Structures are given as structure tokens and as C-alpha cells.
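There are two complexes below, and they share subunit A, which is joined by subunit B in the first and by subunit C in the second.
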Partner chain A sequence: MRQPFLSLSFSTLITFLTGTVVLLGYFTDLPPLDGLRLRFLQWAVLLSAVALLVGVLNLARVHWSRFGEGISKALMSLAFFLGFFVALLAGGLLGIQNTVTRALVDFVIVPIEASLFVVILVVLIYALTRMVRKQLSAFNFAFLATVVLALLGSVPLPATQIPFFQGEDSPISYALRVLGTAGVRGLLIGIALGSAVTGLRVLFGLDRPSGE
Partner chain B sequence: MIDGYSLLIFLGLSLLLVVSTLVQRKVPYTLREIPGFQRLRRAIGLAVEDGKRIHISLGRGVLLSENFGVTLSGLGVLKLLSRFALISDHPPIATTGEGSLMLLAQDGLRSTYNRLGLAPRNLPQQAVLAGTTPLAYGVGAYLETREGRIAVDLLIGHLGNEAAWLGEASHRQGNLSIAGSDHLTAQAVFTAVATYALIGEEVFAAGAYLDSNTAQRASLQTQDIARWAIVVFLILASGAKLLGI
Partner chain C sequence: MSLDFLTLDFFGSVLGVALTLLVLSYLIRDHFLLRFLLYGYVGLMAGFAVVLAFNILYPSLILPILADPIGGITQLAIPLALCSLLFLKAFPRLSPLGNLSLAFLVGVGLAALIGGAIQGTLIPQIRATIQPFDIHRQATATEERLSGLVQGLLILLGTITTLAYFHFGARPQVRGGVRRAEWIESLSRIGQLLIAIALGLIFAGLLKAGFVALIERTQALLQFVITLQRGL
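After this line comes the complex of A and B, so read on.
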């Protein structure tokens, strides 16, 4: 079916007008545009905060409904509600600067997150070995070789350096720095272009990723 | 004061996008093959037949940040896939790490229900805020993947190290996982853990591969033309610098 070039609905019009004002406010510093841009951004920040609250309530609702879906899910939902109410009471009643709240963060949340982070490292090592075992294509080989070379080049050893790998002027370190920077720039240029064009598509009403 | 260069780039890209969209109507842009998307089309059909779900992880893109571009791409994919999968007994689920993103995902699903003439059912369960910090989100989405009778995990959004959790959960369940992010660390992680990793700007191409929409194809063409312009500019600038101009 042939699509209309610009499908103008009320929400598309609002998107176009606010987006254009915010963008022009960035490019120029004309007082009325700059003021409007800041006002729109303040509204968006407020809406985001309300959306976060709605999201948390939605999560509580989902967990509430899971109490009837078997022991495993019920236990997870119970853990969620325990954590939720403790965080609500500690943060809401005692305040975030209170000793008890800070202790909860320092002795419960931070260690849990640190342990999860360590598990991520283990998962990655396991995934790398799986990659080698299952399919060692040219791309995977290059990826793996880069990981090994980068590790050899960056792991500190006591009172010694691996020749050719470590040190500012070593060939491997230089090659990784130059090639790595070039690769990163290439990827970032692609991502920046993709983000900009996706934004423009939404701004002009050519695409509506959400809504009618 | 006017930031002339930025304004020029904005106007140039806008013009290119509009012209490409008009040109698409006469000469459709040919897309190169990306194996992940080819496999995805088949996998969606199989998932619907098997009574399994598709899980779309939209990540933690914040509405007011520069990483929302890839999130918009993920939202578009959710909306497109839901057209095929909402008619099944197990509609797709989306996990997010941001409240506003959850609302947008629910809005997209609601619009597809309306378009198909169906009454929206259980939207709060279909688009969920899985966690508000990176690791909390990773674990929340991990649990959805593990518990939700999933066949395909699509990870398209702003994700970081926590993506390793999702990829691993998907692998353990024997699911097909296709993953892309704007975050470089996540891209490296996906290369190791996902069935198909989308590298660089491939993540923005998902919509064009799933739908023959002219705007999506025009968007890809615009990106390609702009990329070539940047390549030529970089080569010329490097040459000029070498020659001391």
C-alpha cells in the first residue's frame, strides 16, 4: 500500500513543533527559542520522573500477579516486595543521608552488584571458550586475537614488562592504540549517523515507533 | 550566535532524508544481506507456531539523552514484530530499564492491537520495567528470558555490560538471540554471547529488514550516502594535512 509522504496527526505535529524548537534552540541562542527549549526540556524531565514512578508501580503489579504462578515465581516476587518495602521505608522515611539507609546501600546493594559484575566476567570467559569451540570463523578469530593481545598489552606484571607487548612505545601497544582508535571512530560515526537519521525520521513524521 | 556547522549538518541530513524518501517510491534501495535478520523472519513464524514468545529487550535509553536513537529503533522493531506475533496465544514481551520507555512500548503494542482490531490484553505484563539500574535491569530481563517460554531474544537498545546476562540466559534456554547496541562494550559482549551480533549501525537497519516501508529504506540510504561523504572528507582532510595545506 502506498504510504502518505507525511502522515500528519496531532501527536506528529506536536513532535515536529517541539523537536524543531529544541533543535533550533541548540543551534542558535535567540532568547525566545532558548527559553522555550529549556521549558520543554523541564517538562520532559518531569514527565520522565512520573514515568519512572509509573514503571515501578507497573513492576509491583506484575509481581503481585505472579504470586499465583508457582513457587519459584512467587518466591522471586516475595523477594521483590521485601526489597521494595525496605527501600521505600529507608529512603522515604529515614532519608537517603540516614546512617541506616547508607548502610543498606554500602553493605547490601553495592556488594550484590559487585558480585553480579564478577559473574559477568565469568560469563564472558565462558562465552569466549564456547565461541572458540563452536565456530572459529575469520571474524571470531580476529576478535579473539584482539582480546588476547589487548590483555597481554594491559595486564600489569610485578617489576617487569612483556617485550613487544607492554610499554607506551611497544609495537603491539601502538598497533592496538592506532587500529583500536580507528575502529572505534568508524563504529561511532555509524552509530551517530544512525541515531541522527532515526531522530529525523521521527521528527518529520515519517516513522512512529510508538503510538498510532 | 549561530552554530553554523551543526545547523548545516542538520539541514543537509534532513534534505537528504526527504530526497531519499521521494526517490524510494521510484527506485527501492537494495539492502545487503544480514544473516541475523534473515534468520529472524523464519524464527518469528516458528515461534508463533510453537506457541512461544519473542522477547525484545529495549535497554536503558533515557528519553533526554543521545542514546535514545537506538532505543527508537528498538521501539520500531517491537511495533513491527507485534503485528505478526500479537495474534498468537503468547504475544511478545518487552523489557525496559526506563519508565518512559516502558510507557512508549505499551503505547506501541496498544496501537498494534487497535490496528488489528483486537482489544489490548494484559499490557502491563507485556512491556515491563525490569529494573532501574544496569545490573538490576540485567537480572530482571534475565529472569524474563528464563521463565517466559521464549524462542527469540531480540536485544535492541542502549545496553552495557549487563547484556552478558541476557545473552547467556538466551543461550542456556536454547533461544535465538540477535543483539545490537550503540554502546561499544555491549557490542563486544554481544560478539561473544549472542547468536547474531549486530555491529555498529546495523542495529538501525532492523526496521528496514522487517518492513518494506519506504521511510526505513530511505533512512538507510541517507546513512550510507552520509557515511561516504564523511569517508571522502576524512581522506581529503588527511591528504591536505600530509601536504601541509
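After this line comes the complex of A and C, so read on.
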């Protein structure tokens, strides 16, 4: 069987060494390690920029290959390249502060993104109604009641407040704040623990998410 | 060449209104024009990503080498080599050569993730949970201290029950199958409700942001109609 040029164990070793240096730099006060950590982080930023370029290059290659796959796909890929070159021209040649670039952001990107968010809003409301129609368990009921109460609590009314719902000290607002904080804190601690453990497992080569 | 600001503003508004209506038409049905627009939008974002990447690489990697070729290459030899190897990932036949740079990137990324999770989330959240029980804490009144203590206790219990929901350590049962300990089951049921409340609050926040976007777009459409009525 043909071996890959850089064996898996060598890649894992590099991952382990760089990760350990950066981690030690985080948690110890040794000046050489801290300096090395900062240098490694700077290099990682540069590598991330190159990774971004590689990703875009791959995307452009895929769209280029679609030109020979029928008129519909070719038109879509044409739209991609139109947008791509407009952005390169505006952002790269004219500069971010140029009037045309700012107009592109104000009159093209902002309307598209805001409208997509409105579409998401409709989809979310539709999903909520589907959830209610399908099954109303205790979990679903708590979720739905929280959404309704939180929305009622933030409805802006001129010169008045809904009793029990609005205001910092209202019972509903207090209950949602305390229970919500507890839930979010538990989730955040859980996510942080999970991230740290998964990160350490990958760092030590116990897990290989890339499947190599 | 100078663009008349009013003309640019007017045609920009027309374009913005047209794009808004086009995207919102998705709520009726998906169609060719919308897909064309979204592909163009993806292209725009990809183009801006290239500009962003160039703005990172140019001052840190390219400019020092252009200014002093020998000194620059000597000083930046390692990042230059890593970046060059990673760039080979774009070419399938040479792609394995980029594994070294990718391994470096994964190592640094994971360490940053672990460090960020511990220093940025775990320690501050645990500190915020135990802070109300700090007896040396300065408080203006006993009543306030007591209310803070009650609130802290509720949050502590809630956090513990939420974490209990994610405890998956189960024991084999006499009748077969595996099950968590009864007290963990009970705690996790309360935790599940608190997770539902937390997710409900996050969902409500998303809905509110969506409503803000809806109001902003409606306002832009109305403003355009008013401008047209006034004859520009």
C-alpha cells in the first residue's frame, strides 16, 4: 500500500507540539513560551488568510467547471463571477472608503442581508407554529411560553408598561432572567467543558475529526 | 470621474428596493432570478474574502519582502514556507504537501480553542456563579445582600440541574438495559426545562432581531415611495 508523503503520525506530532507550546504559553508566565505563543498565533493568522484564499480558489474552480454543464448552471456561475469581480474591483482597487464601495454595501449587501433575515424570521415563526401543532410536551410548552413572555416583555408601548411583564423588577421579567441565566450558564459551562475535552483529545491524537 | 451624490442615492435606493422585493418574493416561491441574485451575493462575499485575505497577507508577509528581499525572506522564512505549503492544497496532486501547515494550524487553533474555553468561558462563568456567596462582598443593605443570595442560589441550582442533563454516565439495570441514577434523572428533568427556557430566550432574541430587520426594510420601502411621491 502506498504511504502518503507526510505520514499521519508526523502531522499529529506537529499538531501536538504547536498546540502544547501555545497552551503552555496561555497558562504559564514563562517569557520564551509566551513570545513563542504570540509568534505562533501571528503565523496562524497568516495561514488562516491563505486557507481562505485556497477555499475561494476552490469555489471559483468549481464554478468555472460548471460552465460546461448546461445553460442554467452556467448562468448561476456567471452570477458568481460577476459578484466576485465586482467585489475585487470595489474592495481591492477602489478601496473600502470609496463612494462606490460604500454604495455597494449600502444599496446591495445591506438590503439583501436584511431581507434574508426577514425570510429567516418568517421561517422561524412557521417552525414555531409547526412545533405547537405537532406535539406540545413540557419542554415545548416551556420553550413556547418563554418566547411569548419574552416578546410580551419587550413590546414598546408609549408611556405605559404591561403589568407583571415589563420593567426590570416585574415578576415575569425577574423569573425569566434568573431561570434563563441558570440555563444559559449551564449550557455555556457544558459547551466550554466539551470544547476543552474534545480539543485535548484531538491535540493528543486520540480523535481524528478529519478522518485521516 | 465624480458621481452625482443625489443620482447615486436615487439609483441605489431603486436597486435596494428591487433587491428587497426580489429576496422577499422567496416567501411566495423560489425562482430563477432569486437564485441568480444569491449566487451573485455569494460571489460578492467570496471577492471580499479575497480582499480581506490580501489585506492580512500584504503588510505582514509580502511588503517586508518587497522592501528588503534578503532580510525579509530570512526573517519570514518559516511563515513563508508554511503559507506556500498550505497554498499547495489548492492543487489536488500537490495537496499532501500542505498537511504540515494544516497540522500547525490545527494545533494552534485547538490550543486557542481550549485556552479560550477555559479562560474566556469556564472560569468567568464559575466565578459569576459563586460570586453571590462571597461573604466579603460589599453590599449596600442587608436586604439587597439577601436578594442577591437567593438569586445566586437559584442560579446555582439551575446551573447544576442543567449540567446534570448532560451527564450521560449510565448503569446496567437488573431487568436489562442501561439507565442513569434516579437522582440524576430527576435533576436532569428540571435541567431540561431550564434549557427550554434558555433556548426560548435565545429564540425570542432572534425573533426580535428579525422584527428589527423587517421594520428597517419596511421603512426603506416607505421612504422610497415617499421620495417618489415628492418628485425626488
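One rule holds in what follows: the second predicted complex is superposed on the first by the 195 of 212 C-alpha atoms of A that agree within 3 Å, B and C clash if a C-alpha of one lies under 4 Å from a C-alpha of the other, contacts with A are read in each partner's own complex, and residues count from 1 in each chain.
The rule is short, and it goes like this: a residue touches a chain if its C-beta (ideal position, glycine included) is under 8 Å from a C-beta of that chain, and two chains touch if they have at least 3 such contacts.
Source: prediction; values computed, not measured.
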Once the structures are superposed on A, label A:Pro171 by its partner contacts, choosing first (subunit B), second (subunit C), both or neither. neither
Would you sort A:Gly35 into first (subunit B), second (subunit C), both or neither based on which partner it touches? neither
In the overlay, answer first, second, both or neither for which of subunit B and subunit C A:Gly190 touches. both
Touch test for A:Ser11: subunit B only (first), subunit C only (second), both, or neither? second
After the superposition on A, what does A:Leu53 contact: first (subunit B), second (subunit C), both or neither? both
Dominant toucher of subunit A (residue count), subunit B or subunit C: C
Scan A:Pro163 for contacts with subunit B and subunit C and give back first, second, both or neither. neither
Given the touch rule stated above, what does A:Leu88 touch, subunit B (first), subunit C (second), both, or neither? second
Figure out whether A:Ala182 sits in contact with subunit B (first) or subunit C (second), or with both, or with neither. second
Dual-contact residues of subunit A (subunit B, subunit C) 5, 23, 26-27, 41, 44-45, 47-48, 50-56, 58-59, 72, 76, 116-117, 120, 124, 128, 140, 143, 184, 186-191, 193, 195-196, 199-200, 202
Can you check the complex and tell me which residues of subunit A touch subunit C? 4-6, 10-12, 14-23, 26-27, 40-60, 72, 75-77, 79-88, 91-92, 99-100, 103-104, 106-112, 114-122, 124-125, 128, 138-140, 142-147, 150-151, 154, 176, 178-193, 195-196, 199-200, 202-203
Going by the contact rule at the top, pick out the subunit C residues touching subunit A in the complex. 3, 5, 8, 12-13, 15-17, 19-20, 23-24, 26-27, 32, 35-37, 39-54, 56-57, 60-61, 78-79, 82-83, 86-87, 89-90, 96-97, 99-115, 117-119, 121-122, 125-126, 128-129, 151, 154-163, 165-166, 191-211, 213-214, 216-217, 220
Quick check on the complex: what are the subunit B residues that touch subunit A? 1-3, 6-7, 10, 13-14, 17-18, 21-22, 25, 62-64, 66-70, 72-73, 75-76, 78-79, 96, 98-100, 102-105, 107-108, 111, 114-115, 124-125, 128-130, 132-133, 135, 138-139, 143, 147, 161-162, 164-165, 167-168, 171, 182, 184, 187-189, 191-193, 199-201, 203-204, 207, 213-216, 218-219, 222-223, 226-227, 230
The subunit A residues in contact with subunit B across the complex are 2-3, 5, 23, 26-29, 41, 44-45, 47-48, 50-56, 58-59, 61-62, 65, 72-73, 76, 113, 116-117, 120, 123-124, 126-128, 130-131, 140, 143, 184, 186-191, 193-202, 204, 206-212
